[in-house]
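Input: structures, listed below.
What follows is chain A paired twice: with chain B in the first complex and chain C in the second.
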Partner chain A sequence: MASIAVVGQFADIQGRPRRLWTQSLSWVLFLVGIFIYTQFSIVRHKENPEDRVVPSVSQLYHGIRSAVLEPAEEDDPLDDNATLAQRLTHSMLAKDTMSSAGRFFAAILLLIPAILIGLHMAVFPYAEALCLRFILFFDKIVALSLLPILFIAFGIGDWAKVMLMVIGVAPTLMLDTYNLAKAVPREQVVKAFTLKSSNLDVAYRVVLKQILPQIINSVRLNLKPLALFLFAGEMIVSSDGLAYRIGIMRRHMGMDIIIPYILWVAVLLFGLDALLKFANRRLHPWA
Partner chain B sequence: MYCRNHGKNAGKALKTDGCGPFSGLSRFSVLVLVSIVALGVSTPARAAVPTFTVGWSVYAGWNPYFYMAKSGILKKWADKYGIVIKVQRFDYAASLDAFVGKNIDACTMTNMEALDMPAAAGIDSTALIVGDYSNGNDAVLARNNLTLAQLPGKHIMLVQKTVSEYLLERAMDLNGLGAQIPQLKLVNTSDSDLVGAFLGNQSNQVAVTWKPLVSQILAQGGNVKPLFDSSKIPGEIMDLLVVRTDVLARPDGVKFAKAITGAWYETVGQLAGGQAAAIKGSADASGDSVASYKDQLKTTYLFSSAKSADDFADSPNIKQKMELVRQFCFRHQLLGQNISSVNDVAIRYPDGSVQGKQDRVRFRFDSSYMKMAEQGKL
Partner chain C sequence: MGLAARVIESEESSESTAAPALVAAPVEIALRDVSVSYPVGKGKSKTVLSKLNVEIRAGEFVAVLGETGCGKSTLLRMVLGQEFPTTGAIHVDGKLVTRIDARCGYVPQKYSLFPDRTMMQNVMYGPENAFCGWLGRVLPSYRRFKRQLRAEAEEQLLRMGLRSGDFHKYPHQLSGGMQQRVAIAQALMMKPPVLLMDEAFSALDPATRASLQQQLRTIWQQTRPTVLFVTHNTAEALLLGSRLLVLKPHREGSGESNVLLDMPLPQSSGTIAEREQSREFIELREYVKHKAYGSSSRQTEEAMEQETDESGDSL
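On to the complex of A and B.
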């Protein structure tokens, strides 16, 4: 009966796994994923040693090496005696990451006004009357279908891509901020006024201050849609960027580059998310 | 439903008293099980007819596949050889993915993609039919009377790493501007958005694309003119029907090759003969009007008889053209990041000669089926 007790422990809501268990269990699915991939790759390479669809470990290694250390094909090759630091900063991956990151952060900066609009909509009734219905409607527009118009309005440079991200994500963020701000108890607002607060004091120092941690969480959840819109824009028209490279590599099944790129994007987004989470905890220890 | 006397009934699982392993699943599921088994038994009988799938994508030279299937020409030839041939329409890139993934047996593609997609991915493939070559279908377009010499520094919109980029480099090369190719600023633009993005903004001055997009741009953009087109590099951009070589090695694969080749030349024969139904049927394949399709055909050198295609495939000319294309692919790393020499993806020609390393033949031109068609032996 001892074995049943052990099984019972795993299915117990009240169970308290030890640190060793939680640590090791959290890696199990990663290992399963890697195992399935390698098996699949081995099988395919047995059939066709040059298979490019599921690259082998050595193919991936070469792909990563050339992406991290060698400049993009369209750039000038580096001198043979370039230092490692020079190689890293002039590599294809660095170039693509920089240009995508530039667009990404430009879009995030442009989301700050969106958050403020949401706040004002919730706090000021006239702003609510003016904006709410329109934004509720605007939110339902599928931003991707506007791309041809964006390219005409903003050209084929970076602005069209940044605007696509902003148009895609801003309405959601506005409405989320609006809902969060609406949920702040009315009593607090009244109380603040009795303490001689001005309108702006109430908006920024009472309402915004306490919903900010949730807004940051909302931005965290929206990182992925942002990346999605960035990728869509870069795949359609661009001359650099992470998704540009993936699009180019797809033309000749360069999965040895594409897979590392996809993982790199995941790592970047994961890191940014962790950073926001950390900042949130530091800035708002009470939340 | 909990069955108490489970132990007793275990041996009579299908008894209809509602107990046993099938209790609660109802008779219906038993029926389903039985029919699945029955299907499993009956399918081998049907699968005895070998089935082949041909992928095609929209292009003047490939639209006839749609008409070929719809008009019954293909079925007639497939029946003659006792096989089934399905024709499936794809987006171009998706068709190549499906071919490399071995989900389809044959696929239409240009000579360039034949090299850099299946062949470079280690899928030994064979060009069965040389259907046509682009004779003006692809073009470099520019606003404001720009000349080729003025292109460096200007943004050039095109689908990168395709025949468009090849055409652009050839244009520069043939006009003595080869040294300036690295200064070209290319903007990779999806073909679905290229026309709108180019026409929408006057500051986009140069685009490289293919018909019918070329015609759409020329019709709407008042000051846009073609600078160079593929009629100046005849035979370099070929449109092929490519089959996996291992399919051709099977006896039923040979039947497939014969049937599709026979059907193809009957179809293009109708097209070349100006049969209205054939032209309308092919124009319908891409939703083009007959006039627009005829305009595309004018700049497509369709090998209207097996003899003309065969002569082209057997000529020494084809090797020179493929040499240009394979060097382009290698220069742009389209043969793979780890390929150290252009000779690692070798090409075999109908006369038995090999371009590249003998032991690394990945792409073959096989004119034998076109010859059979020519001699009426199909």
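On to the complex of A and C.
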């Protein structure tokens, strides 16, 4: 009877789970995933103790340990007396993370003009007439198809990867900002002009300020496409970075490194998303 | 002779549309041969306003009344500079209206406040813009100016019947009535020569509406801005206005003006609630009702019934 009641609650739209239930339920799928993986790994290792496709817990532990504490093979080894902090900062994971993060944040900074272009298109009719059709068309270009052109134009260094991310995400962000700014009630703009606002006041202090929480949400939604373009660039041409390492490890069947790297990327993106969400809530209590 | 009858007589015998005390006041808003048409499909257009000639003198409170679609909001938007006439010209404060500017204060029905600013910030927004600009905010004198401005804003908000404990609240934390009070205070802070109100009280409950009507009336009597008040509520128009402008929907091809009625309204003493109960007011309301809607179609009568239901008062 109790189980029927629990199942019934899952189908109840008006159900109100308690805090403990909510917290507990949110971890269930993680635990199920870990359980399925370990069972699968155990089965495979029974058949072949040297299996590297689904590494065991101990293989994963060693993989994580070497990634976090040891430098990459292509780097100079640290001397044995190195401190833990030195080991961490010179590790393969730290080096790859810093390389990828540098490209990632450079792309985010370069996306700020995209937001401003979207805003100006929505607020200034001449800017809209000039840019909208072009950006709607540009948005349909598959960014990855531009990769050869980017490599020719920017070389095989970091710029090509950063530009791939910017070109991949900028049109979406521009159009998103444009739609958000267009949705600001006309009354607000009219009211602002009657309160002696200049054109820039209306654009930046009325419209942009109102849509900023939604723009931040849009950036949050675009974190994954950004990472996707970053990975595409790093996997094709790079000498460092998280995706480069995953690509290298694929050749050696190094799943004990690949799986922790994939989870690390997910944790980083999840953390960045949570940080943006928190900042959004703190900076815009009215939203 | 009853007050309503005197008003009716005055309206029928006089050419002038302004109240006698304001005849000498300068013309604040002037609409000359204003017509507005919108394209509706291939080569066709719909005329909303036709041959509108109206002069509103400084200090008048003009209530604009009319059926849905008669062009009263269009009229207000044109005075504001948000829309432009197809033919004719509109002057506010002696200057041709070519764009929206601070000559007119504006209180819309909704979205009247900036959601990202507190009540106090909303009220201070206009004067801060007017006197500081972008660079003024970094000057040392800005803090002193802001203190003075805050005191003035507080005074304005208290005058609108708002409590100081609510000054830090955001619009989403305020009731509809409070939001409209703040919106009026925000517009008045700029001391505009003209105040435009577009169905500003129509989304409010009857009690809040009555209270706001009284406050607006008191403020108008004290400071005498020129007010153009668009409403679909006959009683509200008669209670608040010093002059009534009733518009009728344009009939295609008729070539007639939209103005059905343009008359001064009696300015008797007493509160709005007292005036609403008076025999003169009831007579006048019946007259306007008959004049504005008496010979119109069944649809109009239904619209009036709906109006009664919405506003909660009997027309």
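For the reader, a short list of remarks on this structure follows.
Everything that follows uses one rule, which is that the second predicted complex is superposed on the first by the 277 of 287 C-alpha atoms of A that agree within 3 Å, B and C clash if a C-alpha of one lies under 4 Å from a C-alpha of the other, contacts with A are read in each partner's own complex, and residues count from 1 in each chain.
Methods note: a contact is a pair of C-beta atoms (placed from the backbone, for glycine too) under 8 Å apart; a residue touches a chain by one contact, two chains touch by 3 or more.
The shown structure was predicted, so the numbers you read here are calculated from the model rather than taken from an experiment.
Of the two partner chains placed by the overlay, neither chain B nor chain C lies in contact with A:125. In the superposition on chain A, contact of A:188 is made with chain C only, not with chain B. Between chain B and chain C, B contacts the larger number of chain A residues. The intersection of chain A residues touching chain B with those touching chain C, taken from the two complexes, is empty.
The touching residues of chain A, when paired with chain C in their complex, are 185-188, 190-198, 200-201, 206, 209-210, 284-287. Residues 48-53, 59, 62-63, 66, 73-74, 76, 147-148, 151-152, 155-156, 235-239, 244, 247-248, 250-254, 256-257 of chain A touch chain B in their complex. Residues 93, 97, 100-101, 116-117, 120-123, 155, 157, 160-162, 182, 185-190, 192-193, 196-197, 200-201, 203-204, 332-338 of chain B touch chain A in their complex. Partner chain A is touched in their complex by these residues of chain C: 80, 82, 99-102, 104-106, 108, 110-112, 114-117, 125-126, 129-130, 133-134, 170-172, 186-187, 190, 192.
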